[in-house]
């Protein structure tokens, strides 16, 4: 899977860099697509600190949980890793068309999606938490029954939006937000009372917006009811690409949930917000 | 009623009008003759303030209209103009061309405006073409509509820039007789013309311009009968040979 | 060399030309006179195929140019036209106006084209204005450039639509003498004009049009000396009164 | 039958059956916002275009009037540059969320949507109108001034009607741009056609199938509107030939007219 | 100091310091694609505009030529309607991923980017050019035809130069639209200014701060380009007054000219 790309005029520096890495050997390239804009899963940074990977056709670097996972998979399977930075909307067409080999970008595994792409076994289990304003009426909620009648939203195409929000009684569910930053803007501006997301995102949000409060009801009975299956996120590959899928699954099989969590903790600790 | 003194106008370095002086009284029909490019149109345009004069005064009823405090649109409504290239409104029919100024500027009622528009159009023989658009008219037809449009504003002074250039002799005769009637009714007219017969027969006063200055002026009898300046003589030579 | 037969043209229901027949020989100077709106311009435009004739034939050197197989641009390059409203190219200077056709259509070398453009512009007294844009010219100046532009194409036949309407008598004299020279050199001309003196003195043949038909045609002596039709007499009355 | 076994067309059929009404609703939202905002935007553009072309008469206008005009023009220029020069999606976020957060102004999402798209269209139209105005023969303005019209009267009655004709293709362009650009309003919770597509594609991973449907709908909308605008253009052009009020009767009319006004005339 | 304790301006400073070069590189990408594609798009627009206005002469053109012209015109019309009428983002996905998937055509992302934006601009420009052409006085075409120019010659030498002047504001609009619309190319991996903004906002959850920076950069780019285009317009208009070749010498020149050609003249 090599595509010919016209070198951009202003990317001469990287051209040399690429040649240098090509010298390392005739390794097969693993093209992994992600947004590089969703900390702590994947983000863009200007340097290679902490072991960040250069983004294809750019002078920036990508890092985060997804990149760590991609590195691990590439290393173990003997690929040379190439990170392709893509808008969320085109991740799926990119993998379906074979332009990239796989997408590691926090995609939830659903039965509908499995019709169109193949998913690996889960590479992370994302818990469900809520974010509210610290000085808002919902700040003291002790369970989702306290959210009754709240205006709420979440990200487009996530189980949080599709499965969690409808569990709030009389909820005023607004149309989904396309990205985490946009969702947080809606919450921060007071346009929505509550957003539902996963723990890593929520933690990052609280750093950027100190007036937000994270509500985690996982230990209580009054929580969103989600099956383990639903909070799985997986790596997608082109339908029928069983060679790669098997390889990825074999790598994931060597890892436990604790491995996932400690890897995520590391990602959170080095994400740009934490500096 | 109109007094021009020391009028000047330049385009860049090119001095087009140089120290122009003359006076027009109510009911006068002043013909302005002169070579192509001698500044006749520019002078009319200055009087109407379509060109900002470069210097000098233009007194209308004693008021200097180049003064800052003059309400220019109101002044222009009193001083009509028929352009050398007509400038009919392309988005309107012949009738609308003659109505719009009456309604929007003179604030007449539309029905009243229509009646007077039709009357003036009839005078120039353009009544059958009420619904035509300017682009559908012949040159002479456009010119006649332009005349009717200016007349319909019922101004005190009318500036004509070659109002009969596109007309046949018969139509020239008809338009001139309309103008004569208007002059009798007290309308003051300044007419740039190449029709020497008109200048001689109709006007009360003739101004001969050459290279931006008034070379000679006087009654038609003086100018055509006994021109003093050599330039005037030369200019009128062909006309005097063929027509006198 | 040019033979028009049964030429017809209507705009919508409005028949503008009706069964026009006439013939022009090499070196002829044909004047077309007639009332405003009688179809003179339309006729010239039909001959140049700027209007598609509604019927009839136009033979040029024996070939019917309304025929489908005629190369129209090539024909037009041989039949020049001076428009009633000039149609100078606004995006070009005076000089460029006179060069572009020679270079692009007649495929002359630019330097050659420039020399002949300047020559014709000098003939009409427009040499000092080589670098002016059309919008900066007076009416008569534009008209002279239009004439020079058409002459510079060195056509076989030239169609003039009121070529002296914006010119003073002196300049009319000069332009007419240029035209006379050209006629002597064998250029064929059709001239729509309201200058009866020109029609009488310069042309070899006069056509009087009225309401879309040729009312009368003949030599200038016939038309001006002894018009047969009543309409012709009436039309010429004013000219004959003042000028003869 | 699961959709993985379906053909491309089969999946399109499946999507239509499952999300057909969503697509249509989205298209309706898109169309309403685009039409209303284009209309308002054109109005804004005309006003700005006209004001921007008011000539300053150093001699005649009072210092106050000149100052005021100058200020108004600078403000309008800033408006055009600001809204034309920055992405609509960011404007939408600032207006909808920013105003709410900083000034506690709570614009409704529909008002915000119409507002954002209208003022954007207005900014672009202002430039188009400027182009339309400069393309009208300056003689038209002189003709209008010569009969005593003020600048605004001349613009309204003579120049703009001709300028509008010249920029009709541009108005069409703007309408079509708006039909597509309303998609950015999804950041302020407007569920337009494109957002429906994203939701469907995101839920089922059927990007190409959903995109095909959406393209067809966009194409239908834009084709219909551009056809309608072409009709308007035709209408504006009017007949190539005018008809005489009474063709057979010109001679008579002319003669009658002459007889009526014949007194006091020579020969 | 952690970002949570910073003021709004402090955060902007922090972002600039950390991601300054990324923003600038993104802006560079944006500008290159917008400029090149607008230029190519204008060329396409002129060609389409000119071809679309070639008159069909039922009588003179052979059936073959008429048929061919008709086919070409229909294809061009379809091109304009298709690309104007569908979202550029979807076009980009179809061209970049669709061609690869279905026909195994692997366009480079840069070629795809220039291609998509150029043909989009071309489709819009075709309509703008049509507007520019209809706004030129028809007498200009007649003047050109009368000296024997073909339609294409007349267009090239007489009509288009005037039409271009009239649509300069529109070309400016298109360039500015392109500067902003290249953002959709993030679906084909082009990291333009807006994608940088999304990444930064996604890395640090600082939407407003990053948006402010990005708006300022966009504004700078659009202001500079629109100023430059205004200069071009001024240049096109030329001097309000021409200067005579030799002002002091007109009289002499005229006289000399007359003397030179004076033979064969009457008095």
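As written, the chains take the letters A, B, C, D and E, and residue 1 is the first residue of each chain.
Keep this in mind: a contact is a pair of C-beta atoms (placed from the backbone, for glycine too) under 8 Å apart; a residue touches a chain by one contact, two chains touch by 3 or more.
Protein names from UniProt, one per chain: B, C = Amino acid ABC transporter ATP-binding protein; D, E = Amino acid ABC transporter permease.
Treat the numbers as computed from the prediction; the structure is a model and nothing was measured.
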item	value
Steps needed, at minimum, to go from chain C to chain E via contacts	1
Longest centre-to-centre distance from chain D, chain (CA-based)	C
Magnitude of the superposing rotation for chain B and chain C (Cα, nearest 5°)	180
Chain located farthest away, centre of chain B as origin (C-alpha)	A
Inter-centroid spacing, chain C versus chain B (mean Cα positions, whole Å)	28
Separation of chain A from chain C, taking each centre as the mean of its C-alpha atoms, in whole Å	79
Chain B and chain E, separation of their C-alpha mean positions in angstrom	45
Interchain centroid distance [CA atoms averaged], chain D/chain E, Å	19
Per-residue overlap in chain A, given as positions that touch at least 2 other chains	89-90, 93, 96, 182, 185
Shared interface positions of chain C, touching two or more other chains	11, 85, 136, 173, 237-238
Multi-partner residues of chain D (at least 2 other chains)	93, 98, 137, 165, 207-208, 241-244, 267
Chain B contact footprint on chain D (complex, rising order)	59-60, 137, 139-140, 142-150, 153, 157-158, 161-162, 165, 238, 241-246, 249-250, 253-254, 257-258, 260-261, 264-267
Of all residues in chain C, those that touch chain B in their complex	11, 33-37, 40-42, 84-85, 136-141, 143-144, 161-162, 165-173, 194, 196-197, 201, 234-239, 242-243
Residues of chain D that touch chain A when the two form their complex	2-4, 93, 96-98, 100-101, 104, 106, 186-187, 189-191, 195, 198-199, 201-208
For the chain C and chain E complex, residues of the former touching the latter	48, 50, 52, 68-70, 72-78, 80-81, 83, 85-93, 100-101, 104-106, 122-123, 125, 127-133, 136, 149-150, 153, 173-174, 176-177, 180-181, 184
Complex contact set, residues of chain A against chain E	3-6, 8-10, 35-39, 43-46, 55-60, 84-87, 89-90, 93-94, 96-99, 179-182, 184-185, 204-205, 207-210, 271-273, 275
